Amino acid sequence: MLTALDFTPVPKEELAFRGQIRSFLQEALADYPYHQRARSWMGSSAEFSRKLGAQGWLGLTVPKEFGGAGKGFFSRFILAEELLASGAPVASHWIADRQSAPLLLRYGTDAQRRQYIPKICRGESFFCIGMSESNSGSDLASIRTRAVLNDQGWLLNGSKIWTTNAHQCDYMIALVRTSGEAADRQQGLSQVLIDLTLPGVTRKPIVDLAGDAHFSEVFFDNVQLAADALIGVEGQGWDQVTAELAFERSGPERIYSSMALLDCWVNALREQHVSDSATQALVGGLVAEMAVLRGLSLAVTKKLVDGESPAIEASVVKDFGTDFEQKVIRQVSAWLGSNPDFVVSGDLLKALGYLEQMGVTFSLRGGTREILRGIIARGLGLR
Amino acid sequence: MLTALDFTPVPKEELAFRGQIRSFLQEALADYPYHQRARSWMGSSAEFSRKLGAQGWLGLTVPKEFGGAGKGFFSRFILAEELLASGAPVASHWIADRQSAPLLLRYGTDAQRRQYIPKICRGESFFCIGMSESNSGSDLASIRTRAVLNDQGWLLNGSKIWTTNAHQCDYMIALVRTSGEAADRQQGLSQVLIDLTLPGVTRKPIVDLAGDAHFSEVFFDNVQLAADALIGVEGQGWDQVTAELAFERSGPERIYSSMALLDCWVNALREQHVSDSATQALVGGLVAEMAVLRGLSLAVTKKLVDGESPAIEASVVKDFGTDFEQKVIRQVSAWLGSNPDFVVSGDLLKALGYLEQMGVTFSLRGGTREILRGIIARGLGLR
Amino acid sequence: MQDSFFDSTEKLLSEVSSPALIRKIEHGGDTTAMWSSLEASGFGDALVPESAGGAGLTLSDIGSVLFSIGRHAVPLPFAHTLLARAWLNDAGLALPKGAVTFAPFQVDKSGDGVTARAVSFGKTTDWVLAQKNEDVWLLPVAEASVATSGGYGSVDADLRWPTEVGKRSLIGRWSVDQFQPLLALSMAALIAGVSDRVYEMTLAYANQRVQFGKPIGKFQALQQQISEMAEQVFGARMAVQMACQSNSWRPLPALAAMAKAQTSQAVARVSSTAHAVHGAIGVTAEYDLQLYTRRLNEWARLGGGYGYWAHKLGASVLQCDRSVLDYVRLDLFGEPV
Amino acid sequence: MQDSFFDSTEKLLSEVSSPALIRKIEHGGDTTAMWSSLEASGFGDALVPESAGGAGLTLSDIGSVLFSIGRHAVPLPFAHTLLARAWLNDAGLALPKGAVTFAPFQVDKSGDGVTARAVSFGKTTDWVLAQKNEDVWLLPVAEASVATSGGYGSVDADLRWPTEVGKRSLIGRWSVDQFQPLLALSMAALIAGVSDRVYEMTLAYANQRVQFGKPIGKFQALQQQISEMAEQVFGARMAVQMACQSNSWRPLPALAAMAKAQTSQAVARVSSTAHAVHGAIGVTAEYDLQLYTRRLNEWARLGGGYGYWAHKLGASVLQCDRSVLDYVRLDLFGEPV
């Protein structure tokens, strides 16, 4: 049963790492405007990702034998926190680094690990994850894309939608049906690794309401995969994905998506010497909540260090964190509405405009609020 | 299908009535403190109710032939608004006046009407409504109190709980099972009128968290009712109750429960010349919402005047209004928390203390928020 | 608000301000054709007296027109123009050709000209009625330097005029805050209208989209959210109907404040529920929802948001000595003492 | 916070501060027996150095004790007393016998004595440590006139002392705001504790109570609310654990501010969800829930609520020039630059 999380500080010996990252970022992100930083982990730059790889900061927790840095989860927390809080354009490598490499380490064969992970760590292979389909939405168990075993391996047909960054990735790890029918729900689903340059793969970027293309729709028309495209055990894809979500939901990416806006606004208040209590209270309220979220996120990190699988705890942090990220946007917007004569920079207004529009996705990506709260309710024994 | 409500002002010819009520209340409620006014329609005084009756203000919409004033729904709105906004102790007659008399008018026999309604209009008969049972809560269809037809009429066994004011009433109109089993749900329920002085009736007031006893538990042990105790049609009780709820949910009682606190707080702000924008915004935000709610409530009143049965519209006003009533409490409390050095009267703190504790019932009485929103969702065609 | 003006405006705007045309204008497309069609509706001079060639209608007559303009998220300041023309006529000034918006905030007169920042419809208007203290200008956008002041798709702008244009465009001195209530009223009507549109789309989608084997509108959690959304949308509409109660073209300042506060506070819930129900499809450029929720978010803060207008209203409540009910009855509903 | 101190405190308080005993004290019952039992726990001098006869523990050692005191809604200022004794000892003063509460707000020195209004636990404390500007008093409640300052069941009070008691009780002058962070920290711990209790009761009730044929915890709308409640309760507890990070008895002012703000803002949701789940039974005098939600509501505003402490914290954020993350890391988590 889900219980409360205990405070754990960042271990002393891990603290020094932050300085290195920060020096790197100060140079790499000089003059990077707030409205770009506001893209947070949706902003992508293959060049930036490769620079990080050159620093040894991709695959931070991956063992050295697979090209990683062999560091612990607290180092990973610190790195993620610095990247996210500075709004670095991490989208190119983010999924490969945070989800695909751990997944391959856990469920991949030794050959698969040696083939893919070192390239992930060098920033040479970018991955995406194929989950939703055009008629499935949050209902992942209703997946209809199918891989059928044939003499050359697996023959893949179907499509995936809302795949983050697929049009700029090298590989997709997709959840597909390998046996049974749609009515079997979670049964008969498997994870397969797809080289997106294969014949029969078509990628169509989806332009979003902010004019960016963070997502793609990907079509598979008789795509022939090799037999070793299967990741883990046939038919166990659902369980594997569920375990994977614990990684995806646990990190500080669920706290810092609106940091660029918050920092930009706080700086504007400082520059123009705003010091009424109501404004101070808005700032302080957000900072208090952010501090608590950081505490909760560190506690989840500690559970990872201890070898637990804190999937439900991670859902708590994500749901609570998403609320915070959206609250930052609402409150900065409301503050501007309360102070219509206050002049702010175009950079701030653009950052706000971006986040007002995209902020609604914070409670969709990685599970809607209803889904997450359902997971929490199950953890509490309510269902 | 439920659609938006249109603005309707109070008709000009109805406006003068308010002055009479106000003069009466100014005298009747002189020196009545805010923390008593905060009881709103939970405060009771049989004497006050009889005084109102003497003014001809009970049974305002009841035809004159049954002892009423034969006025319209807008007059009734104005009277209710004045009584509620001033926090007059109306509980003794409130249900008889607003629900029981209309119900008897609609479903009663002529004999029943002549027997009960004139006494309601004189403030001589107080009524309560028996709905919930100790294991039914919001699930009214699971009622198990049963009236069995015998040669003298109906033999009643069972109990009712959370009956407003039963220990101070003369009669109860109860929803009970007259045929079928619990599994039949809404089928086989009927409304019966019970003289609470009959042998076999036991009333047990329920003391609440504020030390008051607004509710009772009422036990029926072989209570023999006459044959004419049945109201309306046997087995149609559920439909009759549903129609009744439209009356119960439509009035300004769902807007003004926290008015005593709001007025008391606004006066304290004026006296101490508080004029920062944040406080002004709190006050203005509440006033804006209250004005809109009044507009919505008047629109529902217009529908009653036009002979419609605006049950769903009334649910909108109730749910929205409850939110407002609770918001007033939260915001005054929060404002005091933001200004810990601000000295307020004991009267205000007691009014606040009362409402902080009892305010949670605002979203229980007359249907929980979940129930009301379910009704609205059905009205919108979602279920 | 379902009257014949509403019906005809709806009919017109569903063609004139279609999603495809809104997209074009968001991307800098020419506004001339849309403006001509709007003018052709005949509502442009609705609030101008008949003696001055207008229709001589009152604000309460055309509340439904303003609401409909919001429903179609018209990307030009048509609602503003109706009020601006009435104001200009009232001030004894000639009516300029084209669209007029208001700039009662963030206006600065400096050595080298006039600046108006974060002007609503600044990119698609022809004229800006601006006020700073007691100075009032009617400024031609054709002679301004224009910079987008909002996020992607915004039609708001920072505008700057050179000294000589500023001088020539100064039309006189009036008591302060001439345009604040006018802007508040127009924005409130637009918000109520676009909220209604967003609600309509959300309800339809909830009934149509199937997940986990049933329409998503059957899930209790979404039903609860949509019901609350309906309350907010009905409330916003009621606020605007009340604010349009006027025997002249001019809104009562307290009512305009009430309406802008109430509609602006509704936006967060309306917008978030709409997107929660629509899920990922709702944030794609292709799907129309975003054209309307984008405006919702911007309009909630433009021209003063909830906090500003609630503070204005609250100040007037605290300045009088009436009970809260009497303030509402007398000052907002216009009932007698 | 599940440590041996917590376990022993829980065991003690479930007897010493049982619902029946809380009810008695709310109705003016004698507090002597309860206080003796609390003292007997040995935690009364937990924060006083060993050299002065105490246990010499740090705040972080006894965070779980304060939390447990909240869980049992102890109607005496036991948490306050732990901190007050440490402060008094630090100030070189003798420790008075009995319970001590803080009055850093609404204290007035006038011609005829000292007044302290809306004092938390004013009806059940023996002493009040009060401050106004730089004056600090240790005031005996036995010599005060006492008037309830809250709603039904409240143990808060307005207190007034005659001139000569005021004079004799003035213990010196200190820099301002000595007690604000101490009161904030104790109240925050109490709120987090009682929130946890209310959450525990709510979860149990949701699993047990059947309506419409199934446990109410199976309804999606309630599941969603309870999940959110859990987040808030976990967050409040985390805030207090963080605020108790200290190598001495004294909390960091910024952390105390953070904790009081965060716990206070959680109260509305925790309390409303608890009552929504419990329904009518939850508001009866007989049922225990109300003993705990009553405290939640009062404690959220006593000693400064969300707005006050958020403003204190925000002022310190705005005064520095760090990024928000660095403020959090350095000033709240104590990490190095």
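By written order: A, B, C and D. Residues from 1 in each chain.
The rule we apply is simple: contacts are C-beta pairs under 8 Å (C-beta built on N, C-alpha and C of every residue); 3 or more make two chains touch, one makes a residue touch a chain.
Everything quoted here is computed from the prediction, not taken from an experiment.
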Farthest chain from chain B, going by the mean of C-alpha atoms per chain? A
Comparing B-D with A-D, the one with more C-beta contacts is A-D
Rounded Å distance between chain A and chain C, as computed from the means of their C-alpha atoms: 37
So the centre of each chain is just the mean of its C-alpha atoms; given that, what is the distance between chain A and chain B in Å? 51
Distance-wise, how many Å sit between the C-alpha centres of chain A and chain D, to the nearest whole number? 39
Using the touch definition from the top, which residues of chain C touch two or more other chains? 219-221, 224, 306-308, 311
Where chain A touches two or more other chains at once, the residues are 277-278, 281, 338, 369-370
As the complex stands, chain D meets chain A at residues 1, 196, 203, 206-207, 217-218, 220, 223-224, 226-228, 230-231, 233-235, 237-239, 241-242, 245, 257-259, 261-262, 265, 306-318, 321, 323-325, 327-328, 332-336
Residues of chain B touching chain C in their complex? 2, 4-7, 9-10, 15, 81, 85, 256, 259, 262-263, 266, 269-270, 274-275, 277-296, 299, 316, 319-320, 369-370, 372-374, 376-377, 380-383
So in the complex, the part of chain A that touches chain B is made up of which residues? 276-278, 281, 338
Residues of chain B that touch chain D when the two form their complex: 132, 135-139, 142, 161-162, 206-211, 215, 326, 330, 333-343, 346, 349-350, 352-354, 356-358, 360-361, 363-364, 368-370, 373
In the complex, the residues of chain C that touch chain A are 105-106, 117-118, 147-154, 158, 209-212, 219, 221-222, 264, 268, 271-272, 275-276, 279-280, 282-286, 290, 293-294, 297-298, 300-308, 311
